[in-house]
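For reference, the structure discussed in these notes is given below.
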Amino acid sequence: MTAILSLDNVTQRFGGLTALDAVSLDIAPGEVVGLIGPNGAGKTTLVNMVSGVYKPSTGTITFDGKRIDGLKSYQIARLGVARTYQVVQPFPEMTVLENVMSPATFAAGNLGVEAAQEKALEALRFCGLDEQAQMRASELTLAGRKRLELAKSLAMDPKVLLLDEVNAGLNPAEIDLALDLIRRISAKGVTIVIIEHLMKVVMNLCSRIVVLHHGAKIAEGTPAEVTSDPHVIEAYLGNRYARKQAGEAKEGADG
Amino acid sequence: MTRVLPVVLVIALVAALPLLGDNYLLRLGTMGAMYAVMALSWNVIGGFAGYPSFATAAFFGLGAYTGAILQGAGVYMPLAWVAACLAAALFAGLLGLAILHLKGHYFAIASLVVAEVLLEITTSWTSLTGGGMGLNLPILRISVDAQARLFFWAMLALASLTLAMNWIVANHRLGFGLRCIRQNEDASGMVGINTTLYKVIAFILSAVFVGGAGALYASWVFYIEPPDVFATLTSVKPIVMALLGGAGTVLGPVIGAVLFLVMEELVWRNLLEIHAAALGILIVILIFFLPGGVLGLFKRRRKPAAPSRPLASAEAGR
Amino acid sequence: MKKQNTTTRPLWGGAAGRLTALALLAGAAGLTQSAAAQETMKVGAPLPLTGALSPEGLKQQRGYDLWAKTVNEAGGITVGNKTYNVEIVYVDYESQTPRAVQSAERLITEDGVSFLFSPFGSGAAKAASSVSERYQIPTVAPTASSPSVYDQGYQYLFGTFTPNSTLTTPLADIVANSGEEIKTVAIYARNDLFPLAIAQEMEASAKAQGLEVISFDEYAIGTMDHGSAFTLMRQSQPDWVFATGYINDLILIRKQMADLGITPKVLTMIAGPAYKEFIEASGPLAENVSSAAWWHPAVSYEGEDIFGATTDYVAAFEAEYGSTPDYAEASASAAGAILQVAIEKAGTIEPQAVRDALAGLDIVTFYGPVRFSETGQINSLEPPVFQIQDGTAKVVFPEDVKQADMRYGDIN
Amino acid sequence: MLYAQILINGLVLGGLYACIAVGFSLVWGVLNVINILHGTFVVLGSYIAYFCYVHLGIHPFLSIIVSGGILFVLGFLVQAGLINRVMGAPVLTTLVLTFGLELLLNNGILLAFSADYRTVQLANPLGSTIIGGLVFPLERVVATALALGLTVLLYVMLAKSRIGRAIVAVRMDAEAAALMGVNVKRIYAVTFGVGALMAGAAGSLLAIVFPISPLNSTEFLGIAFVVCVLGGLGSVAGAMVGGLALGVIESFGALFIGPEHGLTIAFTLLILLLIFRPTGIMGRRGYE
């Protein structure tokens, strides 16, 4: 198996703080990989690095056989790595359609207006947003904006999709819809890396799970392997109870 | 095309202004065209891309001095104008690479201070620029009426070019990309926009015709001195004009420039010493009561080209 | 300071109509000019009333206003069987040369002035002269000294300041031949049109007298601290310090020189000490500062103009404004008085005739003898050199109006 | 000896610069507003000192209280009545608004007091004293000392007083401060008022050093820009260091390169710093 995305010994330091410490990771084409770990473990930093927001302090990142560490985010996007943000980032004054047209125009090859519009509409239909195409992005509900993020990513024809807490703040019904959407995206052959706090989502969706703790990778494997890994249990033990409580509280609130 | 035709007709009508045979009106027309060039140019970086640029005076002064120095060295006048455009564009490109990574106030101040630095350099580089003594340009050997017509038409042509440039940008992926950058620069990178390149292009476009206007202006008035061409107000007025008409739209800056000229002239004629205050009041009214500019009053419902809150732009600059 | 009968005249209706024409291009053909002045003669005066030059603008305005008031109180200007009242139309050009040019054109074409006073300084006067020349409007420049303003071959421009060298030559002559031990000069100039030009002129005059110019430094417009320059000067100990600038610069410079203990035998400043504000602001520090200007209230002429003798002019000015006129104010009044004499001689306000009368003038005014050279610049004045002694400016040259001997030393 | 004298000149000048800039820095840091009015506030302070001295015989060093008080009220009203309405709007809005207000106020001052330069000519000038061959111009030294004293006072006020801590809290995180019961809009107005107060006090001190005119406002504003960027934004200590640094840099620049380049050096430095080190020579620090 050749990896479509691989991180080799990647370290990211901010001043004195090491956010990621010598992480190596291979992701095969078509995989759905979950990235978990306590707050501050470095998950979002990892996504930011892969998508070109930061340049790694040391180490290399390879995508589809090509070094991408140090490339600008737009270059990485054009190669076929899409991402969503934990906090959604639409273009608030544009319509939903224009929002989705932007990646179609800029990342997915040099498309003219009509082709870009076609592609955008297709992505909107896929995400069930076609009815809201002429709405302003700022008028969408949170769930709608999350789906807009996904539609924007899809319109780029990505090979790899990095999803950063795409379910945060959604209610269970909306989560189910989102899960279905992610599965359908995966079924199109898109490789997915998903950061998630809700274990039920991760267990459900992922073929493989990577655990980060204090910036280091402490375990990886199938969901079953990871949950029984003594390192993971140890890492989580200190605050596991609190996390569990928090998770329940959240679900309670959502329900 | 149905929207382009009326504009072309209006330009053609304005071009017939010399028929009235009133040189003062021609002078006002020339100034109006110059204002339009500056407002439209600022619109690209400030209106479309949302970067609060105060560099217009720097480009204007640089163009004026480039044109004046070249003409003084015997370069044919129109060539000197073109060279001034290129000089301003080149300068904007380099400057943009240096300061466009700054956000908000930091960018505003950096762009504002550039004109100050150029002013000081121009003043102290006496051997090239005449320093504080100013610089005289060769007098044109044609009749004064012919001069008035020549500079009016030249400035009008430049304004038309700038308008066309705005129209093309607005309808091109560049304009789309710039509007994305204005609304969310980080997300713009993620959808594949080369933000640095786009911003630099926008900055260059905001400079090139202003440089030309500076050179034209220098030829027009025969004599330039540093404080006149590098005046801070030269940077501020185009912003007020663009906001007045509707920033981020194509026609807004033109409308704003004409309205501004009319108001400025009326105030200047009728109030002896308080036109600065009048401009101040205009600004305050604009900010509180006309945040979308004149076009904003009409365009509430229209969807694509004109965002109805053109002021919303660059993120807070912390 | 109160504003004196400022007269911006409006043509609101006509102007609005014209501007609408510009904006909308709707049939501008039917526009009418405001009715031509019957018994009023309009003189246009673009002034820098706001912006960097506004203190100078005020001075010119005071000078013009006094002339207009004096003329109108005397019943106006009589030519042939007509009598004209004088109306001065002011425009503020915001201290921006391009605006000054625009003002000149507006005054001529829109406000219908018959004559023009130039905007302040050589640069703006030169720029505006191209407009008045084009419309053949006789123009008097009260504050332009640079010969380059006048050597453009223009027919309608006349100036009341002699070239800068007429100020520096006598200064250098007096100082070099004083019998004092004065060998070295340090020149410190504002990098701006007039201050720099006169500093360069002084360099030439000093060298011509065999003095050694040990330093020539420029400072930028808006400089707020001169400490470094004077710290250096303190080491070189020049016998004579010549500093140029406008009044605010020179007040600051005088103070910092004192702070840092620069004590030359002679301290000359242009153009501040001619203004009473300099003496008021500098107090004891103004003592023994020397200067030169185109006019001084101590000069004495029996003028044929409306103001008559110099003392009468000074008295009239003091009665009006409560202060002694300085050369800038006097030159503005003189511009009016000279224009008036020319109109009376021409017997008409027809531009060509008035121009010819101006060119042929050979009279004495309160301001001094007035004759214009071929280029239109006055060449009959002998600018006085003066020194502040006991709190007032005393003329030390020329001999016939001399009030005191130049003092040396005692600059501290 | 020469260098020592230039250093003294620079420090004495720099203290005044710091005082001009500190209020501007406070407003920028806490409100995220560039107050273009600041230069005119300083000028207004100078005029108040002038009138206090000429008509009431109050020494400029004492009229700090008067000019500071009047300017505080003015600043408070401007913020509460106008700028508060556009807080949170894009940078351009507040910039253009304060620019418009500056045109208005400056033109008003010009009309009220005319463009003629005025100076405060002390009845008993302090002159200068020579210590070890070095000249200390006393009026400037005292003005600088007072300026630095005021700056320290502001620092202490921010650190110790209730309102000072509220200002710091708003600077850190306006939303969180609001949740903790701070009336953010009022704090904005107070902060703007304090910024204006510092400007007015600086104006009083400058009245004995520089000729007074509405035309000076742009120079003062330019200095505030440079000092802020030099010292790092939004810290009292930064403004102090930035001011002193600017004074010294300008003085040595004038010595080595020539007096006509003093301003060029300052502004070039500003651009270079913005490009390469936007946090200033001290690095970023808050009002803690």
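Each chain gets a letter, A, B, C and D, in the order it is written, and its residues are counted from 1.
Throughout what follows, a contact is a pair of C-beta atoms (placed from the backbone, for glycine too) under 8 Å apart; a residue touches a chain by one contact, two chains touch by 3 or more.
What you see is a predicted model, and the numbers here were worked out from it, not measured in a lab.
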Chains touching both subunit C and subunit D: B
Far-end chain from subunit C, centres as C-alpha averages: A
Centre-most chain [mean C-alpha coordinates]: B
Length of the line joining the C-alpha centres of subunit A and subunit C, rounded to whole Å: 74
Where subunit B and subunit D are represented by their mean Cα positions, the distance between them in whole Å: 32
Between subunit A and subunit D, centroid-to-centroid distance (C-alpha), Å: 48
Gap in Å, rounded to a whole number, between the CA centres of subunit C and subunit B: 36
Subunit D: positions in contact with at least two other chains: 107, 110, 218, 260-261, 263-264
Multi-partner residues of subunit A (at least 2 other chains): none
Per-residue overlap in subunit C, given as positions that touch at least 2 other chains: 49-50, 52, 191, 218, 220
In contact (per the touch rule at the top): chain pairs: A-B, B-C, B-D, C-D
Residue numbers on subunit D that touch subunit B, as the complex places them: 28, 32, 34, 82, 85-86, 88-93, 95-97, 99-108, 110-111, 218, 222, 225, 229, 260-261, 263-264, 267-268, 270-271, 274-275, 278
Of subunit A, residues touching subunit B in the complex: 51-53, 72-75, 77-78, 82-83, 85, 89-95, 98, 101-103, 105-108, 134, 152, 156
Of subunit D, residues touching subunit C in the complex: 2, 5-6, 9-10, 12-13, 107, 110, 114-119, 121, 125, 127-128, 130, 135, 137, 139-140, 209-211, 213, 215, 218-219, 223, 247, 250-252, 254-255, 258-264
Parts of subunit B lying in touch with subunit D, wherever the complex brings them together: 46, 50, 52, 98-99, 102, 104-106, 108-110, 112-114, 116-117, 120-121, 123-124, 232, 236, 239-240, 243, 273-274, 276-277, 279-284, 286-288, 291, 311-318
Sites on subunit C touched by subunit D in the complex: 1, 49-52, 54-55, 57-58, 188, 191, 217-220, 222-229, 231-232, 235, 247-248, 251-252, 255-256, 258-261, 277, 280-283
